[in-house]
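What follows is a group of structures, each given as structure tokens.
In the two complexes below, subunit A is the common chain; its partner is subunit B in one and subunit C in the other.
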Partner chain A sequence: MTATRADRIGLLVLPGLAYLGLIYALPLFLLLLKSFRDATGAFSVAEFVQIFGDPLQRSIMARTLRVAFLVTLLALVIAWPTAIVMRRAKGGWLSLFLVAMILPMSLGVVVKAFAWSILFRTNGFINQAMMALGLTDAPVRLLFTETALVIGAANVFLPFMVLPIYAVLQQQDPNLPDAAATLGAGPYQRFFKVILPLALPGVVAGCAFVFSMAVSMYVIPSLIIGERQQTVAMQIARSFLFLRNEQLGSSLSTILLLIAVSVVLGSSWLAARLGARQ
Partner chain B sequence: MPMLTRRTLLKTTAGAAAALAAPGILRAQTNQLVIGCAASHTNWMEAIVVPHMRDAIGAEVIFEGTRSAVNLEKMVANRGRQYLSVIQMDDPVMLQAVDEGLLERLTPEMVPSLSELRDGAIHLDGMWANYAQPWSGIAYNTDMLDGVDSWEALWAPEAEGRVIIPSLQNTEGMWTLFVAAMLATGKPFEEAQYEIDAAFDKLADLRGNLLSVYTQMPQAFNLLEQGEISMIPGNFSSFALPRRDAGSPVDLAAPSEGIFVMPSGVCLVDGAPNRDLAAAYINELLSAEVQSEIADFTSSLATNTLSTGGADLPSGTSVYSPDWQFVAQNRREWTERFDQLMAI
Partner chain C sequence: MTGTDRFFRALCWVVALGVVVFMLLPLAITVLVSFSSSQVYTLPPPEWSFRWYQALTRRAGLMDALLLSLNLALISTAVSLMLGTAAAIGVARGQVRGRAALATFAVSPLMMPGLVLGVAMLQFFREIGLRDAYWSLLLAHVVITLPFVMRTLLAAMGSFDFALVDAARTLGMSYPRAVLRVLIPNLAPAYLTGGLFAFLASMDNYPISIFLTDAFNRTLPIRMLQYMEESPDPSIAAISTGLILLAVIALAVAARTVGLNRLIQG
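Coming up: the complex of A and B.
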């Protein structure tokens, strides 16, 4: 009787699976198929050979990976202390931090990009601040640079790094660092031997989230670095929407998908291993 | 805990289907027209066209502003079940749409205003027609420059890092290419427009002066108004002059070598929803009354011979219109070459 009821409850997963299958897996599968076919429909890997043989495409892939890595790194550097502070905050302060994390997500990225263009311009706040502090004598070009893209994208994706780390820190027993201290652990050892290892699953999850989104972002680089510094996602849009080259677009999509899937699977494996060690 | 019965499941499914279908059913019963146009059309579409169409033909206009190439892709992707009824886009992309069999021919019976258009405004026996046409020159920041006499100003050393040009994905990007051909060869436009290798060599010298290349013009124009850049070549009167008149520190220069007229057309999508209403929309758009209003608002040239007002073309300079067939045949290759050349 219990097994039968459990079976029926298990059926509830079917709508979700059907939805994912139809809306997500099937189009991706068709896209994968298309990337391995030439214009006549015959099996071919010529498009992949051409992509990896083209210096421009290689530099675009390198830029995409480099930017995604730097965005993840910057987001992590900012997110870690933020999550620690949130873990210690209580009551109204915690609510304030959570609202500050989540509210900017409701603001469109287009609005943010225009706001950043004001900050990044030659006579904008950042340049004026750097000149006032004596860090530079003349304005530094920030608009349409990778630096601006990394700062902007890290700003957008920050909540996706903070929240997983905060969630893991929240589950930690707050007495653990004190317990380690009573056993003679100094601040350095408490951090690297106790707090960080326990928080690593959250760090890995946050990095996977942010890297996956950063490697495939389209709107943010389109608005911040323009057409001269392409990313793979921008190339995909250009292939489908302007060049109408479905082979190129689907092959680039496959490459991007493989990168994203590798990151997710790799981080899942890493998180599982870290969890097992604990 | 209530059990999930087959009847409950069927009732839930039927309810969900009805809820999902309701917006579509309601939409099909309205006088809604979805129009594809350029992002830069937003101001005059909202101010003139949308209210006029509501009053004149009872149409509720929803417009999607994007690039012509994207509008073309939308038509291709929705072939046989189009949701766009009318598209306003540039002539070279119209040629591609005709080749794809995506347009329905306009006739004087369904669009009487066609008979009022000047020569050359109706293409391929009515596949599309031009409406008010803006002219293109160099938009510049008036706080930074007193004016722009020559297209050579784009290449001047003092413009280093102060120029944003349109991508060849945008039709107005062609003007920079053709001007580069003219300056490189010294030939008149009619011959120079075919000297593409020379044009690309000249464009290579422009790279140091470029802050960026755009596909979304309003963003680039915003930087011009902020004084981050001093010039945008290929910009058009319908966008730059209303901004100037609104008090923005920008103006549009007509360089001595010549200017261009934007080939803005309107077409009826084959299999358009609300087809008759869509034809009425085109008829109104091409009418003397609406064209006069648009021409005044956008400092453009009207194509309806009965229209009044609108912009006068700048005097003392030539006005060019390129061989669009040649452009349509080569645009993809030029764009790939352009992207390679401009890539950092």
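Coming up: the complex of A and C.
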């Protein structure tokens, strides 16, 4: 009796599962199929051969990967100390840090990318601040540079790096570093042998999330860097919305999809291994 | 505590406070320029004014875009909450094989490149002959909102004591009624958190929606980006300020009822 009831309740997963299968998984699968077919419908990798043989496409891909890597690196470098401070912070301070993460996270990327496009203007806030501080005499061109793109994107994706690291740090026994110190470990030893290894699953999750979002971002580069320096995502949008070259768009989408999926799968495998070792 | 420790701790605080400024500065600047009388985003503004808020009334299609976005966000979140509740109960209570895989699958749209999903859906809807932009957007927005709902509901029901539902059934409630009167009120924080983030994700989505719109169905983010390309004046900052205000109110309500720390654990 109980077994049959549990079976029946298990059926409740079906509507949601069927919905995602039909509207989400099936379209992605068909996209994959389409990108491996030529105009006549026969199996072909010609489109991929052409993309990887084209120096322009190769340089666009290299820029996309380079920017995604730099965004992840910048986010990690500033997220780590922030998460460390957040773990020890209490009361009003902790609320301030949490609001600084959650409020921007609940705003659309269009709003944030627009804000950065104002900040980076030649007569914008950042140039004014730099001139006031004496860092530069004349306004520097920031908008339409890769540096601006990396900074803007790191800002948008930062919460997705800070929060997973903060979550794993919270689970650690706060007395652990002190215990290690009592046993004679110096500050560097404590960091590399105690704090960092325990936090690695969070670091891996954060990096994977930020990298896969940065590699496929579209709104931020189109507002901060413009059409002149394309990324793969901008190429995809262009090939569907303006060029009507759907074969190219499908193949580029497949490449982006494979990058994102392998980053996610690779990172969860790595996180599971790191977790198992402890 | 050694000197090195103190140095690193001070350094961490400097970086962390810098991060707070880094995260909140763009929003603060947006609010400031929206009240400026100047066309060119100079700071501090030469004079304060509401002219960009008045200019909003002349923005063609803004109201339609806002209403469409609210409509999509509300309906898709509601549908996701229903599908998500059923699926999460099924995973928590039913004999379902491959629970972990199922949970990963349900949350996986979050990690897919939005643009690629948009392209895939565009081609799929065309293939099956669905030409209506509103329905295409609605079907897609359920895929956008469902992972947020699933993530919080799966976690919440994993630790929920279903004996409460069984007790309600013993007292004569039907299963759906027990879910409605006992389960959902008990998991209200999870419903609020999941629902809030799902709603915001739908309101803000650009990369999927852009492939599914037509001339009559433009969501708010799509309209905003269009304004930025056509005439990038501070009235866009005025729209942004409205959205920031909305997010602040939503977070204040959520922080009062659930607490900020709970909000990020979804």
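One rule holds for everything that comes next: the second predicted complex is superposed on the first by the 252 of 278 C-alpha atoms of A that agree within 3 Å, B and C clash if a C-alpha of one lies under 4 Å from a C-alpha of the other, contacts with A are read in each partner's own complex, and residues count from 1 in each chain.
FYI, a contact is a pair of C-beta atoms (placed from the backbone, for glycine too) under 8 Å apart; a residue touches a chain by one contact, two chains touch by 3 or more.
Computed from a predicted model, the values in this text were never measured in an experiment.
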Subunit A as common anchor, with subunit B and subunit C clashing or fitting: clash
Touching partner for A:219 - first (subunit B), second (subunit C), both, neither: second
Subunit B versus subunit C as contact partner of A:11, first or second or both or neither: both
Which superposed partner A:42 touches (first subunit B, second subunit C, both, neither): neither
Subunit A: partner with more touched residues, subunit B or subunit C: C
Touching partner for A:243 - first (subunit B), second (subunit C), both, neither: first
Subunit B versus subunit C as contact partner of A:132, first or second or both or neither: neither
Partner chain(s) touched by A:253 [first = subunit B, second = subunit C, both, neither]: second
Touching partner for A:229 - first (subunit B), second (subunit C), both, neither: first
Which superposed partner A:121 touches (first subunit B, second subunit C, both, neither): both
Partner chain(s) touched by A:111 [first = subunit B, second = subunit C, both, neither]: second
Interface residues of subunit A shared between complexes with subunit B and subunit C: 8, 11-12, 114, 117-118, 121, 123, 222-223, 240-241
Residues of subunit A that touch subunit C when the two form their complex: 3, 6-17, 19-20, 23-28, 30-31, 34, 78-79, 81-82, 84-86, 94-104, 106-112, 114-119, 121, 123-125, 128, 155, 158-159, 162-163, 166-167, 186-187, 209, 212, 215-216, 218-219, 222-223, 233, 236-237, 240-241, 246, 249-250, 253, 256-257, 260-261, 264
Residues of subunit C that touch subunit A when the two form their complex: 2, 4-5, 8, 11-13, 15-16, 18-20, 22-27, 29-30, 33, 40-43, 83-84, 86-87, 89-91, 93-96, 102, 105-106, 108-109, 111-117, 119-124, 127, 139-140, 142-143, 146, 150, 196-197, 200, 203-207, 210-211, 221, 224-225, 228, 232, 236-237, 240, 243-244, 247-248, 250-251, 255, 260-261, 263-265
Complex contacts: residues of subunit A adjacent to subunit B: 8, 11-12, 56, 59-60, 113-114, 117-118, 121-123, 141, 143-144, 222-223, 225-230, 238, 240-244
Complex contact set, residues of subunit B against subunit A: 3-4, 67, 69-70, 73, 76, 161, 164, 167, 169, 210-216, 219, 222-223, 226-228, 332, 335-336, 339-340, 342-344
